[in-house]
Each structure stands twice: as C-alpha cells, then as structure tokens.
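Chain nomenclature is as follows: A, B and C, assigned in order of appearance, with residue numbering initiated at 1 for each chain independently.
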Amino acid sequence: MKYIDNTDVMKRMKSRLKMNKVWKSIFLIATGLALLTLVILLARIITQGAGYLNWDFFNNFGSRFPEKAGIKAALIGSVYLMLVIAPVSIILGVGTAIYLEEYAKKNKFTSFIQMNISNLAGVPSIVFGLLGLTIFVRMFLLGKSILAAGFTMSLLILPVIIVAAQEAIRAVPKEQREASYGMGATKWQTITRVVLPAAVPGILTGSILALSRAVGETAPLVVLGIPVILQFLPDGLLSQFTTLPLQIYDWAKRPQEEFQFVAAAGIIVLMIFLILMNSIAIMIRNKFQKRY
Amino acid sequence: MVELMIKNEKAKATIKTPSPMTSEHIQTVEKNTVVQTKGFNLWYGDHHALKDINLDIKENEVTAIIGPSGCGKSTYIKALNRMVELVPIVKTNGEINYRGRNILDPSYEVEELRTKVGMVFQKPNPFPKSIYDNIAYGPRIHGIKNKKILDEIVEKSLRGAAIWDEVKDRLNQNAYGLSGGQQQRICIARCLAIEPDVILMDEPTSALDPISTLKVEELVQELKDNYSIIIVTHNMQQAARISDKTAFFLNGEVVEFDQTDKIFSTPRDKRTEDYISGRFG
Amino acid sequence: MASQGLEKKHSIQDMIAQSRNKKGKKFIEKCMPIILVITALISVLTTIGIVMTLIFETFEFFQRVSITDYLFGTEWLPFSGSEPLYGVLPLILGTLKVSVIAACVAVPLGIAVAIYLSEYASDKTRRIIKPILEVLAGVPTIVYGFFALTFVTPILQELIPSLKIFNALSPGIVVGIMILPMIASLSEDAMSSVPNSIREGALALGATKLEVSLKVVLPAALSGIIASVVLAVSRAIGETMIVSLAGGATPTFDMNVTGSIQTMTAYIVQVSSGDAGYGTTIYYSIYAVGFTLFVFTLLMNLLAQFISKRFREEY
C-alpha cells in the first residue's frame, strides 16, 4: 500500500507553484512600491522647487515675501554647525571605540558602556534637544549658539560613530598588531601607526554618514530654540545661527502656497548637500574596501 | 612547590649544560648562552600549557623546536619575547634569562626586550604600507628619523633578507602586492631592520610554497652568522636541514634537547623516536 | 667570530638606545588610556545627563501638577489661561495612532521587501536595491514631513473628503514609509543569516520557494524580524518633524484618525517654537512629556534587545 498518491501530489503541485508565482509578484510589487515612493518624493520636490532655484535664492536671507526668500544664512549656518560637530563627534567617537576595542578588559564596566551606547542610539532626537537645552544652553550659558547646537548634535550622532569605528577597528587583523608589538612598538604606537591607518576608511565612511544625519536633523534644534529667520551671517562659534532644515520647516509651515515652492527649493539644496556627502562616503568605501 | 623544585633539579642534571650568565664569561665557553630558560611554567587559565621548561639557547646557532600540534612549542617561543602576554588569561612562573636578566621580571620593559628579541610570524603579516615603510617601521618607532640612515637600513635589511634585487625598483609599492614568499622575506627584513640579537621564527614557512620555503631556509642559514635563531617548525626535515640543536616538545614538556644530528640519529627517548619516525604527530 | 658579530650588530641597536625618548613614550602610554576612558565616559555621562535632566525638570513639573492628573487625565489643555489641564493620555493616544498606522504600512511592506531581497532577488538586483533603500532611510524627516503635508494629505483628501488638513492618517502613512527601510534591511539581515543548508534541505524535499520562505526561513528568523519591528515602532514613536508638520496641534482623546491630533513630540516642538517663558508650568511640561516619551522608547529598545538576545537562533 502506498501512503503517497502521486497523481494527487502532482495536482497539488500545480496550485503550489501558482501560489509561489503569485506571492513572488506580491513581494516584487512591495519592493517596487518602496522604490516608487522615493521616485515620487524626489520628482515632486524637484518639480515644485526647481523654479525657485536661482542665484538670488542662494544669496538672499529669509524673508516674509516668498520671492525674496533665500537660504544664505541657513546654508552658511549648516556649514558652521558641521565644523563643530565633525571634530567633536569624531574625536569622542573614535576615542571611545579605541578604548573599547584596544584597552577595555572584558568586564561588567565595559559591557555596561557598550549597552549604554546601544540604548543611547535609540533615544529620540528630540530628547537630545531637551538635554542640550538644559545643559548647554542654560547650564553652560552657551545660549542658542552654534557651539550649543554643535555639542547637542555631536552627542546625538556619537553612538553611530562609535559603532562604525568599533567595526572598522575590529576588522584590522590581529596579526597586524602582533607584527608591531613584535618589533618592540608600544601599544599607543601600534594603535596610531598600524591600527588606525588601516581603520581610517571605515571610520570615515561611518562618520560621514552620521554627519549627514546631523545635517538633516531638525527636532533638537527646534527644542534648543534656534531662531528660524536670521538677517545676518554668524560671526563666531557663540553667534546665533539657523540651519537648512529649520529654514525649510519654517517655510513649510507658512500658509501661503508660494512658500511651499520655496521650501521645496530649500529641500533640493539640502538633498544635494546630503547626496554629495553620501557619495564621498561611498567613494571612500569602494576605494579602500578589503585589503587583507 | 617543593616537588617542582626537585623536578627542576632533575631536569638540570639530565641536560647538563653550563650556564654562563654574565659578560665576564664571554670568552670562556665555546658559545655563549643567549636565552636561558629555568623551571618555566605557563598556564592558559587552568590549562597548564608549559611544564617546567629548561632550555639553553646558544649564540649564533639555529635551535629548532619540534613537536605535534598543541605541544606548546609556539607558546614557548612567544614567551621568549613575552608576546604571550597579549592573551589576558596567561600566568607564568620560573625564569627566562636573556643575557643574564630575567625577562619575566615586571621591571623588564617588553618594548626593550622585543627590540632585542625579534619575531617572524607563521603567516606573512606585512603592514598594508609600502615596502619601504614596512622595513622602516621598526627604526622609526624607535626614534630613528634621519632619511639617509633609514635608506641605508632599508637597503641593508632587504639585502640581509635576500630580497633586495627583487624589490629594489618598487620600494614604494604596497607590500601586499608581493607573493606570499616575498612577503615573508619582507617580514624577515623588517625584523632585521632593528638588528635584534635573537630572532624567533614561528613556523615561518608553513604558509609558503616549496620554492619560497627553500629560499627562507637558505636565508636562515645565512642569518646564523649574525643572529641567534629559534625556529618552531612542523616539518622535521626542515629541522634536520637547518638547525644545530633541536628540542622536542610533547604535551608542554621538553622531552629531549640535543644536537640535531643526535636527535635524528640516536634519540635517547622512545617518544622522540616515535615522533621522528612518524608514528604520531 | 662570535664577538665580531656582536660588534657589528650593535650599531642600530645603539642608535635605538640613544634616540629613544623613554620618558615621553612612557608618559604617553600612561596618559592615553586615561584620556580614552574619559571619552568613553562621555557617552555614559550623556545618558546620565538625559535621565537627570528629565527627572529634575519633571519633578519640578509634578510640584505644580498632580501625578495622577497627568497620568490619567484625558484632557490636555496647557494653554487654557484660567484652568490649564495636563492629562497626558491624549498625547499618548495621538502618538499611538500615528505609530499604529505607520506599523500597518511598514510591517507588511517591509517584511515583503525583506523576503524578496533575501529569498528571490539575484545578487545583482540586491546590490542595486539595497543602496536605494539606504537613500530612502537617509532622507531627512523634515523632507518627509513636507511630503506628507503637501502631497499625501491632498491625495488622501480626494479619497476621503472628510479628512482635515491636519490628521493622523497622512503622517502615519509617511512615518510608515520612513521606517520601512529599517524593517526591510534589519529583517533581511536576519533572514540572510539563516544558513543555506536549511533552505536546501527543504528545497530538496520539493518545497517551493514560497514554502521555504514562509515555513522555514521566516520562523527561523522570526526573533530578528520582531526585534526590527519593535525598533522601528520605537523610532516611529520618537519621530517629530513629520507629525509636527502634518499631524496638527489638537490633542484629542478619541479614535478618530481623520481629524487633527497632537503627539508627544509635536507638543514639545509646539512649546519650543513658541515663547513659553523659562520656569512656567508649560516649560516644565515639555520635560514631563519628554520623560514619558523617553520611557516609551527605552522600554521598546530594551524589549528589542531582549527579543534578539533571548530568542537568537544558534546555527
């Protein structure tokens, strides 16, 4: 007696194969839908904003009149902000990563720091804004300055940079360190001359991606009370300033329809800024990938 | 502890090697002891990896260390420049005297020790830098910055490692572009660049093809004139070909240590004979 | 012969012995670990700073408003001059509405994308699609907010005439688009790490790809997938700019998704953009709301970590 009826199996096989095909198309459509959203989003913003992109737009300050509104102060402000965030977050992030990967012993303290970092990565950005408002703006009396915002944003992206740097450092083979120690190099010499040079591409890629997140971030700056419309350029790190996302936020909120076009134009500039940063990161990643 | 000391005495009695330790003895014995290991024990956590090791390494000789995998031979030579310390759970006791000073003494700076006792590793491990920078790495970290002197050192070391002619026209190329055998000779040259006293080689040919192996073996023979070499090898023929003395390790103990020809022709211990004749390992 | 060798070989060693700046080297070796520990402690200090800030200011808030009123009150009217009410439930409900809608969009789509990428797509397709998803994940939230307000809402209004300009539906959908790449890529990671031998075992029995995906791979990767969903929802809860732009500023305690709402994050933004003076009850209220938000996201992050650790498949 046979337990399996072959004709029955064959009959069912047909419907099973059909289900496979149907679902495959469903999965494909879902993927296509996700990609389509990106296309629609970009197309929509470009068609809305492209008309407002001209020299005046880059050269004007914010204004009550849409046709006079420009992003000069916001663009310069974003660049200034980066100049604070980049060194602060990279030094702190890479330092922490070196400590965790090269010096820290495997004990409770180390795993506590590690757990703390991964939890910090999940804290909403707006909560970092509350931290910055209390600590940097009020306690350290930095006011609504570039420095206060820069420190807040540095802490926000710190976990991302730490994790990226840790991965890059971990990828340097143990044999490289042994070779250096074997020559009588000290630990710090080994780190600065062997480990870090090999880890730099990974660290840079991760850092640039993290920085591009900081450039697009809005919520913490709103909480810090960074002004939206400024008629002057910042003249130092303690100066007031505004940034691209804040400027866009302000335009997007306005009821006049023209301001939506201005906002879209601002978004184009912001996106170009980000795409440039991402391209640099990808170029570094491709150029230096896998050498061992 | 008492037991250990008795064992220690016994071991000394059987090996019977005079151990001149200070510079006053330089002319007296046929060859000076460079590294003297006395009652050395090593643990990885609870695992007793090296048991009461007693070995005297002589100047300008090639000492081969043979034994089956896991017998502690690599661990032993990594103890000689304290590279074992990179594993955090290692504990040691006993003495390893390098030119009369106990290197296990915490006051002995590892960096100083490792400039005197160089090492070549199992897998070629050049840095992903230019050939020049690889060789100049050692002198540079020890504070030699003069470009002229560095140039000289690089050439001399590459010549010393018999690879100068192959790479002299591409010193600025990445060392990773070289073949495995060339990489290993670059690593030897890198080691020579700080002119160490002793060179430790941890299975330096195990990752190489036969022709490259031959070149490295010839090189070891040449280096003997200026350096004391301790080489760990899996390959008994290699030990027989290139070494003056051979130590046979088994389960973390030195079973036999003698002139290489004696070990291979008339081993005293049954286990050595079994291993050499290929009955295990 | 031996002594000749000795003489010759000591030239470089002598140079080394002379030039070595021992004191400076030792000083650096001693200092660096301390400096590095300090940098590592900054991240710990950040957490402590966040928790302390939230606790102190929230404590101040509860000096003025009773805890039970805050936790169980169903009306949030801080700006009502005569008798402000601080019942946080409407804000929480607003946040949950957006998050649930976002999850409804992102979870099925995200998992479908993950299945497609991990089980069906060729290597080449995957190499093209994954970076595009990364771009989607890298779009600033302010851009998504603008997109929700000026594109998604008008379209939805065509379909649902009763939909207000500010509503829960539009930001919910767009937050879903925002967290979709996160679910897709984390779930894809979880599914790709299921070893091929398991797939081959099922395929060799005559199972279709669909059956392998749904009955073999999906269950094996389930902990990773659930963890990714929890993380993504936590991100949705903390999302600020999309809901501030498109959600409105009307905290309501009902199940309506077509009318204006207010989330916890949007409230903080509303107060911060206005001129709530330092030291007023309204000023302290943003910390209380921030604290509530922090507790929500922290719990979800811990849950995600717990799930992925506790139920990790060992292959």
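In this section, a residue touches a chain if its C-beta (ideal position, glycine included) is under 8 Å from a C-beta of that chain, and two chains touch if they have at least 3 such contacts.
By chain, with names taken from UniProt: A = Phosphate transport system permease protein PstA; C = Phosphate transport system permease protein.
In this text, all values refer to a predicted model and were calculated from it rather than measured experimentally.
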| item | value |
| --- | --- |
| Label of the chain whose CA centroid is most distant from the centroid of subunit B | C |
| Distance-to-centre winner among chains (Cα means, whole assembly as reference) | A |
| Intercentroid distance (Cα basis), subunit C paired with subunit B, Å | 53 |
| Whole-Å gap between the CA centroids of subunit A and subunit C | 13 |
| Between subunit B and subunit A, distance of the C-alpha-averaged centres to the nearest whole Å | 49 |
| Residue list for subunit C, restricted to those that touch at least two other chains | 25 |
| Subunit B: positions in contact with at least two other chains | 111, 115, 142, 194 |
| Residues of subunit A touching at least two other chains | 186 |
| Touching residues on subunit C, where the partner in the complex is subunit B | 1-3, 5, 8-13, 15-16, 19-21, 25 |
| Contact footprint of subunit A on subunit B as seen in their complex | 81, 83, 86, 88, 110-115, 118-119, 121, 123, 125-129, 137-138, 141-142, 176, 187, 190-191, 194 |
| Residue numbers on subunit A that touch subunit B, as the complex places them | 105-106, 173, 175-186, 189, 193-194, 197-198, 291-292 |
| Residues of subunit A that touch subunit C when the two form their complex | 13, 16-17, 19-20, 23-24, 26-28, 30-31, 33-35, 37-38, 40-41, 44-45, 48, 91-92, 95-96, 98-100, 103-104, 112-113, 116-120, 122-131, 133-135, 138, 155, 158-159, 162, 186-188, 209, 212-213, 215-219, 222-225, 245, 248-249, 252-253, 260, 263-264, 267, 270-271, 274, 278, 282 |
| Residue numbers on subunit C that touch subunit A, as the complex places them | 25, 28-29, 32-33, 35-37, 39-44, 46-47, 49-50, 53-54, 57, 108-109, 112-113, 115-117, 120-121, 129, 131-133, 135-136, 138-147, 149-151, 177, 180-181, 184, 206, 208-211, 231, 234-235, 237-241, 244-245, 265, 268-269, 272-273, 278, 286-287, 290, 293-294, 297-298, 300-302, 305 |
